[in-house]
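One chain, subunit A, appears in both complexes that follow, with subunit B as partner in the first and subunit C in the second.
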Partner chain A sequence: MTASNYDEIMQLLCDRLSDLTLSEVEITPESNLIGQLSIDSIKLLNLIMEIEDTFDISVPINALADVQTVRDLVDLIYKIKSAS
Partner chain B sequence: MNLLEKLDAAAAARIAMLPTGVGAFGIPIEEVYSATEARIGDRRVLLLGTNNYLGLTFAPECLEAAHEAIDEEGTGTTGSRMANGSYFGHRALEKEFAAFYQCSSGMVFTTGYQANLGTISGLVGQGDTVLIDGDSHASIYDGCILSGADIIRFKHNDMADLEKRLRRLGNRTETTLIIAEGIYSMLGDQAPLAEIVELKKKYGCFLLLDEAHSLGVLGETGQGLVEKTGLLKEVDFITGTFSKSLCSIGGYCVSNHPQLEQLRFVSHPYIFTASPSPATIASTRAALELLRNGTELRDQLWKNSLQLYTQLEETGYKLGPDPGPVISAMVESPQQALALWQGLLDHDIYVNLILPPAAPEGKSLVRCSVNAAHTTEQMKYVGDTFAKLKQEILN
Partner chain C sequence: MSSTITKLNAPLTQAFDFQPSGESQIIPTPTENTLTQQLAGFDTLTSALEYAAEGTTGYNFYDAKGNLRSVLAYNTLRQNARTLAQRLAGFGLSRGERVAIIADTSPEFIELFFACRYAGLVPFAMPVPVNLGSHAIYVQQLRGMLLSSQASLALANVDYFNFLEEAADGTTDLQWIGTPGQLSEQPAKDIKFQKNDPDETAYLQFTSGSTRTPRGVVITERALMCNLQGIVRNGLELQPTDRSASWLPFYHDMGLVGLVLAPMVGQISVDYLATRDFAVRPLQWLRLISRNRCTIAFSQPFGLKLCTLRVRESDLKELDLSCWRAAGIGAEMIRPDTLRNFAEKFSSAGFDERAFLPCYGLAESTLAVTFSKIGLGSRSLQIDSKTLIDKRMAVRLQAEGRKFNEFVNCGRPLPGHTVKIVNEEGLQLSEMMVGSVLVQGDSIMTGYFNNPEETEKALKPGSWLDTGDIGFLFEGDLYITGRRTDVIIVNGRNIRAQDIEELAEQQVEVRSREASAFGVTDVDGMTTIVLVIECRLTDVTERQSLTNRLQQLVYMAFGVNCIVELVPPHTLPRTSSGKLSRFAARQGYIQRTNLTDQLPAAESGDR
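Showing the complex of A and B:
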């Protein structure tokens, strides 16, 4: 699949996150992955592997150091996808 | 939250996961009697949770060498390899490791953790890529983070997944280092080295293999997975530790690339730390000699390992896929794992308890590490106790 459009990436990610999070809070672009959605580092690493396959890209896990919110993650994927 | 409050929150999360199990981690060993027995609290226990694979912790040759070194060279080197901490023994051990692996270069580090940190961060840097197995040891992750290279994980031992990630790298593969382990410490399974080597060649990248748990265990002379598979010459860098089958502390890297020597001048975990103490080096040298000539020890180790693995498997425990000295029983929940761990301790058997996130894929493990000094009767007692506890706790 080739959802390289920013909104499509956002939608796809929010769907996956709602499966993964134990928290009841609504997922918005500004939601904090760890603080609000309780996505721990292992879940995040596994989610990254999935994302890599979905978009056929490589997301270095060190790039996640700057990722706090859902929007940060979408920005990162969008940037990598656009460059590839 | 301030710094201390964050630590309090982490402690609360740990206690919430397993309110009664906190004592299971870092349990004090009061007295050590031998390679297989010690005292925990007021119990004399069978040690089945050490990495003492060849059972050499009290080998007379190693004790004697260590005593002699301490008398002749003192308790510590008080300095770095780069400055005043390179004694004759350090250089001799490096040569002996290189010779053992038929390699041109060898380096000794102060721990196995630092061997990975120092080798990885010396080899790759910003703009380079490391492709690491998803179940890699923390020292590999930390070395990659320290390096500043792009870190990409592949699914544990999944070669189709590794190839997919290599393909995506395009022409970046020549600055890519693949990292795998001879035996993985959680489930005791081995890397599919032949296939990794094939991919490494196809995509023109480099390969580092950590033989921490396989040194002394696999191969005719105990080199590890490289020897078992006959692929020694195909692996670019081999790292490992002295802290398991060699029964001391320290780590090594060997290679046939002469460029390894350059790491002595750039690798911070090598340079900015004191070198191993003379006694450590001396006992390691003696242990390496025993290890390479230790065919009988390896035979005994494998006999014990297969005996326990087979009995646990027949009893219905879910185990890692490859029989070997690391035998992990996977159970449903942290609570079950704790109950089994405690049950074993109540029967005077010490094993390791491993809970998420340390264990892969959210698993909870009760891990046994078998050694060559265990007896057939001890293995049977452990197997029988596991069987009994399965009835009592898990059914």
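Showing the complex of A and C:
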């Protein structure tokens, strides 16, 4: 799978997050992963594994410290993907 | 990925021949050493390394895909550490000054740690950021440690250097910060290495991620050597054929003392996987054990849980865990179910449940206090719940059908150590009576660095360390039944209730002494943090906004979700001196929400 297009990454991530959160909350690029989507540590680890497998990248741990919203995460994936 | 797995499945005799294409071949250090094994008995860390360096064993670092990335034989470590020590000497520091190192799982960290000891300096490990959105809080944490330790130097590799730079801003004692690469460019000073004294401080160990009052445990060379000797001789009964595998972070006592220093004082090889790589793909750890025929690997119960949760049937077929003789479990309360589920899942992959090795310890006692007898597996007692709660007494289950709690046997104290159980007045209790766990012995810290107040709270007269844990003794073995209410353990991480309350009180809507944090644990052993706030807001949106903000702050600081309950003013119970009682707050919450099956916790005393 080689979805390196920004919008495709956004779509994929929003779909995946709506499965993970199982709630009625609408997921937008501005949704806060912690505050609004309640992504706990186990869900986060699963999500990172899926992201890494899907996009064939490695997400560095130090970069996650600056991720709060869905858009932050998409930006990060896009950046890593474009650099690789 | 699939090609890697195929390679990992290669017959064991060929496993070491695998090399990533296009890269120069590196070979892991062997299990079998050319040197006669000497199980501890050294007077300092550097003399232990001088001996280990005569052999061929050492440390190996694997990446997320299971490829060997770098090798640091004890011999090379000695060379590199001595060279770096000469560069450190160039700063002209006095003996005993502190050096802060952000500790990711890398050869550089270990080299710097030993370089400090060769140069007579005191290293300490700082954590890596682990939580989403934690940038600001992580920087605060680092700054807290730098200030509390009055560190003169601080190092981080390029990935974490920007955080360190921000944290260094606002400190006064730091003379220099840099990366390991920058240190290598510093001029070396040709110094004659002075022998370290057993009474000198070997390192500091920070015990919590607290932002305002981090506590650095002071461990002397003597305490460290005593604990390491107990671990390798009595706890593990280390053999020349042993090999370790570890994902435990180097900035935790179990990772550093147990899986970096203990293997070195027994001259065995270790295979490392970064904590982050384990957390994302826990099976890589098991693959490493299987492929390299590792015999010793420790984990918190949470790590075993991750493995059990994430394994697929197809994964099991590629694993052979029959080599694993010491599956050490510690660092948080051990639930028998976690071990049973793991053993059930992995028995078809050759895991022998007699390998389970429950132990008990804490950073204030270097690492280990008790070990169960190796080779016997996990043993436990079923204790009548009602008597436990009503009389604080552990009575073995007499009749079927009564409610019970099951507690794991954590074994006996290491030689030279004594454990006693005391009541709230400090009086020693007899066997089977539940109370505070106190430890005495040569591994105990000298205190918290530059913090006499906290030291006095932890070290009782007669050099008894108050562990903050609750438990009982039976036939000389220790059973831990709970923590006091001031520490909440979630997914293996110790979180101080006070830190969460302080975070809440920083919000404009929350007054001081109007927040109370504690943990509630369900029947599956999952602990959730509850934060109860006395709140005057009436507007629904404002109340929701406060709740969301608090949940987010707690997550960013500690990486865990929490329940926030807003209650009317004067709901939280106070002691006669006006102090909030977390114990009573927790009881109140349990009643309001009709929670059942909660293990008894004890009042927090003054710690």
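Here, the second predicted complex is superposed on the first by the 83 of 84 C-alpha atoms of A that agree within 3 Å, B and C clash if a C-alpha of one lies under 4 Å from a C-alpha of the other, contacts with A are read in each partner's own complex, and residues count from 1 in each chain.
FYI, contacts are C-beta pairs under 8 Å (C-beta built on N, C-alpha and C of every residue); 3 or more make two chains touch, one makes a residue touch a chain.
Note that this is a predicted model, so its numbers are computed, not measured.
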Checklist entry - After lining up the shared chain so the two structures overlap, which partner does A:Glu8 touch, if you call subunit B first and subunit C second: first, second, both or neither? => result neither
Checklist entry - Which partner does A:Met49 contact after superposing on A: first (subunit B), second (subunit C), both, neither? => result both
Checklist entry - Should A:Ile61 be classified as contacting the first partner (subunit B), the second (subunit C), both, or neither? => result both
Item to check | When both partners are placed on the shared chain, which of subunit B and subunit C touches more of subunit A | outcome: C
Next on the checklist: For A:Asp75 in the superposed arrangement: first (subunit B), second (subunit C), both or neither?
Outcome noted: neither
Checklist entry - Of the residues on subunit A, which ones does subunit B touch that subunit C also touches? => result 40-42, 45, 48-49, 52-53, 58, 60-62
Next on the checklist: Quick check on the complex: what are the subunit A residues that touch subunit B?
Outcome noted: 40-42, 45, 48-49, 52-53, 56-63
Item to check | Interfacial residue positions of subunit B with respect to subunit A in the complex | outcome: 129, 134, 144-145, 148-153, 155, 164-165, 168-169, 356-357, 362
Checklist outcome for this item: Residue set of subunit A touching subunit C in the complex reads 32-36, 38-42, 44-45, 48-49, 52-53, 58, 60-62, 64-68
Next on the checklist: Under the definition above, what is the set of subunit C residues touching subunit A in their complex?
Outcome noted: 1, 64, 128-135, 138, 159-160, 163, 276, 279-281, 306, 309, 491, 548-549, 551-552, 555-556, 559-561
